């Protein structure tokens, strides 16, 4: 491992010191010569034009960076440091365009495509959930991938506001239609909340999506749900998408569409740890909306979940180890 | 179902748009001609003169309205939309009088009595817990009713501050004394916290109130507790009173007398869902104090619990269905 | 004056009680039969797709409604009650579309055009400053109008993010280009802040816009500036646009592009009072972003400024009276 | 001066350390033997049953105590330390009764009367403005006194909510009616805001109250206004009442009835300093409502104003010195 | 029991009234004659010079005092009132010195030593976790004691920032080295979070410390863990140290080094209740950092945990009773 | 000018996007080869071990970076862009050591000395005011310099807490004693607030320091004060130190020792603009304490003041131009 890709040490820069990057990693933009050696890039996607209710996820990447200063290098339960298995860096944010939704999505796709061409897997910090669509357009253009999806919503709606197809409630409907996701290899964990209708659920179920409603989660527990997730996605290429509103909103109040009655961050950690060895080609943590969080706790949860996911991505496919 | 009583659609008014009413229902004051067709009225009671510690519940109804914009029309677990079973509206707030406690209570009783005379069942948003007394004076003047009471406190104290009989710690003592509640048909769920003495507990137990202390809840679980609740209240007329301080205060910090170590909103949802079919003549959700909440999360919980209760009230007595 | 258009009385609904509408006015949507008698409509425009920096003005109208509960009916300095001179109501929000900027603008234009056809003058609560463009498309389609514009920015930029023409930094450039505003009858008061370049200033000055930089304001004072404003706009049809970031951001922190060193709300009140008698065909107060305000103070200022403007609109053209 | 009445030293208890009392003074309840030697008592009046809009001043005394830790012992402009001229202490709070408005007022009167009998002058921290009435009932029962009154409201209303005579909008009407205040020796400084009607103003003016509207303050300045105040109150016994909503609400957001466009704390300091030598028999600072303040700034202003007033009270009548 | 050591009654001073002391106990400094009769002293230690990340625990004691006003006198589950078993008081804060870490530690040791000499057991409110070291220097100078330690971190690091030995990450390494703690009688409950390395864990395990990682807690539950704790500490002299970051940070956001995925306050209460009868010579609750808490909830949890611990200390060694 | 030293453009990274550096400048650590070409370095000093009251300035540099994203490149009043006159960058933070005050100061001195040796002038963002001492130890070791000092306190105290010489109340006493500052070339602007005693004032005056108390400022105005400042510091080497508590705390609530009654940010801007042409060898903006700021407004003011100062430093000595 090169020293170029290690987090900043505690001495002489304590956690509160220096510029805030993801997990205190060096900032290496894609046009930096060192970027060609990257394995995994932590990248911000400051986009919230897909939001249908409360705004703010454009401010998510910065607050996650700030809160991620507390992340240290070693994962006790997995007994590994991701920074020893993979060259990692904060590559900054993707280009965006707050004045045009479709141009913004194209800019995101372009940047992720460039990363893919360089052999870099993205771990993205949103941004609203619509960002998963332009990311998948870059990552899965060669064929559909599977997905482990943590969320309180299916994000499988067809349209909003009278025929508009692109919001944070529709990305995975679009991704399935565009052949980016294989619906039979999708599992959605934590679905709950009041509903407009049952259309999104029915469309998903009709297409083979496995939905784990919150009641099933509470009944069977994290380990059984993750066993099912591993069955659904199998060994193929898989994307991981974590909407922080999957977690109960007392832990993640800084989000736009909170639904009470979710799982805890400890549950989320246990589930993510159970996914060690899945073949993740990329991942995102989305819907962190700092203006609606009074303490930064949402971003703290997001930063920790990103570290959990980074460990999975750094360990790579095929590894398997029981959660302690 | 008339269209007069349906929530505002998402198009062209997204959740953040338009005037905030409970669950985006139309505002139909009692003197509006449409009011005569109402089955259930969502009503605010902006009263906090009964508070003995931190103030603020007078501001509760407005913040619950604001947060309730996220409530959609369909309940997945019950597989029903309350708006298809009952004509519902936001009728505004009851009259109050912040300059005189007893006049304020009389105004509340008067307004609820008018609703009762029109055949409208109230689902009230408090306001401090003393509001249950003037509400019950209107609803139960023909004879005592039962009550499912979620709370960390019994609210069965006799007096405060040297002989004063009307505070948010005394409403159910008064209601039993006035013959509005049948103590043998009362169950209180979640009782906990440090105590002045054991007088209120003893008085309640002596009169036949069934208290489920939080330790019993944690030991037996939501389903067993609700089975007991159904046994206690039976098929008779029953009131439901939900003090948000029954829930652990990390979920509901915006309240005046928080007691750590409570149940979760998910527990509360499961318990409420288990009450389908109970004969509810009215209900309230109380003690939401916005000035002590930094994110609106307390009102978000309250709004969701109101929707759970609305489903129970709309489905009506006699229905029974297992929680999924 | 009909009683249909009067604010809710204090008894029995104190300021904190009942549903929050602008200044406690009745909610009369355009399709309500009473709407045909309206003179002035207070209307929300919950739109923030033009924002280039911090988000949130979509939440502005609701918080202004909430804070406007403190507005009473009588203006001491003008010695008038606007509600006795004009039929006023809260007509709710214009339609919007958070998923499509241009469709949203068209919906806003359509709604304002409908009001204009009914003879109703709009006093709008934004929303970001781009809303002035669709509003002017409705109000000024018959020919350019003048404008008194309070702001720290000129909003005369040509484009953002590589050729994109519609943001909250461009509305008045577009409005001048589209023939909706007569640049020689525009005065901009309070311009300040760091700059990308001097292009926007130069374009405005070249086209005859009168810019009162903050230094001129501090030197000459409110009365002289308003005398100049009256000279610039004259007796013709005039629009009033008040961006709350014209005020110093300690008073209005809840805004997206704060610039330190502005005037006070007292200054703003004095300037607005000095505009009595100008022929205002409509007005807006914009850029209130509640998620960035910790106390609601920004919306409190906005609500009070709306009342000042309402008095001007209700008094009508031609009146003139010295500020006490 | 006895050491019994000195503020806690900085060593070894820095400003943030130890129990929060007013200005770090010793806590000496009235039944403590040392109390008989007190000249001036700082006393909390945690009462807010007179509030007609936003609640919370019951929490004022504690937050003022907390913020007052920053007050040091020496006033540079007056060149005096109040603690060298008068025996001062924090005597705790007056008794109150949140369950009964009139009993609470009686308890306050009783406690202040006891102080008066002991020769102690009270400097009270409210609490809402209605507390001035029970305080004056104790202090002025021997005959009417004058008053310097800083406020945005006259508090001369007759009744609220249909005939109710005791709210924070009526104390001085009652006090004049009860012969506690001589209206011709009252000056009110900073009056402004929207109005229900002009009744309260007219009643006050008819009775000889001198009202300095905010426009007069801005025009003439602090020194001229205070010269007028000295003329109005003369050499007789005088009460000082400072409602923090007299100050512009950006400085004092934590208050229940904020009115934009007020004076600054620097203006208030200058005015108070100009009152040196007036014969103050007591004073209060009221309407600090911590739940509506995000930073404690309102209480910080209140604590500093209390120190200004304490200097006036400690220096005693007859002194006169120009403000530097 | 003397009345000198009882909490302030509710009448006529409601919970929000009067000066904030711990649990409304009288303030009795060590030099007060009544102090010689004290059994247990609640004492603040406003020190945060050991903090390595976010600052603020110096402000902890005051906010815990404020929040502890809600604590009443009687513990229902233990069926005891600590104030009937032991003379208790708030003795104020220990001396500190924010300008010199070592002098500050010496001052703390000196003050606790004085208490020990007077036969008073301390229940301290921190302050950061380094305060446990100077406290133990006073309490355990006669020989090592055992410890029940609730925390997410071991606080067994050797040094920080290049050889610096005294931070809140090192107190128990130092205490073991100094012979103040017997490592074989230490149990640490709730250890989790990302790590710099495994050095601190290994050093502790090598020395015989019993670490209960959070996974073991979740697997075995509170009762089993406490049974193990009782086995580890046995009947000997024992200290109890509760770092609020042992609790999940959604309950205790106001802390400097939050680690997601912890236990709940209800879990903590159950564990503490299970320790009845252990021979506690002192205790602390640390790392409450008010500036990072938006609602005071962290201090509310801390105050309640202090009451649980006070019951253990008041009941004394040898008692045993099952948790209800 | 090299492109290496230009702020990030708005396209495709809007103000909210990408990693937060000071004014969106590139991050160029001192060991980066580009650093040798730097003229001015923006540098954070995350140190708060000198704080005697409320903590938190260690978190200042990051929040100033975040808020400085709004700073654009061009200064309208000076008609200059500092980035065209000097090579500027964010060099990150100086080393610090939260576990040892003196080691931390040495690390700061060492880093600034390295910059000086490279010919780079520092514009530092604190940190508490004690940082000025180690900075001056590096910058002025060749002989005393002058200083323009904006503050509400003189920071000329001799010691705290019983003989401790290094706190944020003592830096300039030490700097004068160490021969780093020429007291006759120091001007302090805005001094006010309650006082322990008059010792610090007397010592300063005795040594020739020019103190502009706030009363003098209000009387003479910004222009006269700055004229005096230019007279005091003359043409020699001068340091500029701006404590944000010089500004009135409603604008800068996020600070540890707020004193009401200060000047406005507009006043501060006007004063700073008047210093064009002074020979500044370095500068700092200190005492920004984010945990005590609810909206980030303090850091917003600080970021804007840093830009004003950067313009002065970039323009260089000898220039003179009237403020518009």
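Some observations on this one:
For reference, chains read A, B, C, D, E and F in written order, and residue numbers begin at 1 within each chain.
The rule we apply is simple: a contact is a pair of C-beta atoms (placed from the backbone, for glycine too) under 8 Å apart; a residue touches a chain by one contact, two chains touch by 3 or more.
A quick note: this is a predicted structure, and the numbers were derived from the prediction, not measured.
Here B-D and B-E are compared, and the pair linked by more C-beta contacts is B-E.
In this structure chain D contacts its sequence twin chain F using mostly different residue numbers, the overlap staying below half. Relative to chain B, the chain whose mean Cα position lies farthest away is F.
The pair from B-C, B-D or D-E that reproduces the interface of E-F, where over half of the contact pairs by residue number are the same, turns out to be B-D. The chain with its Cα centroid farthest from the Cα centroid of chain A is D.
Chain B and chain F have Cα centroids lying 55 Å from one another.
With centres taken as mean Cα positions, chain C sits 40 Å from chain A.
Looking at chain C, residues 12, 14, 16, 52, 54, 58-59, 97-98, 160-162, 250, 292, 294-295 sit in touch with two or more other chains. By the contact rule set out at the top, the touching chain pairs are A-B, A-C, A-E, A-F, B-C, B-D, B-E, C-D, C-F, D-E, D-F, E-F. Those residues of chain C that touch chain B in the shared complex are 12-14, 16-21, 27, 44, 46, 58-59, 61-62, 65-66, 90, 92-93, 95-98, 107.
In the complex of the two chains, the chain C residues touching chain A come out as 48-52, 54-56, 58-59, 97-101, 103, 160-162, 164, 166-167, 291-292.
Per the touch definition, chain C reaches chain F in the complex via residues 52-54, 160-162, 192-198, 201, 213-215, 218, 248-250, 253-254, 257-258, 260-262, 292-295. Across the complex, chain E is touched by residues 10-12, 14-16, 69-77, 250-251, 264-266, 269, 294-295, 297, 300-301, 304, 307, 323-324 of chain A.
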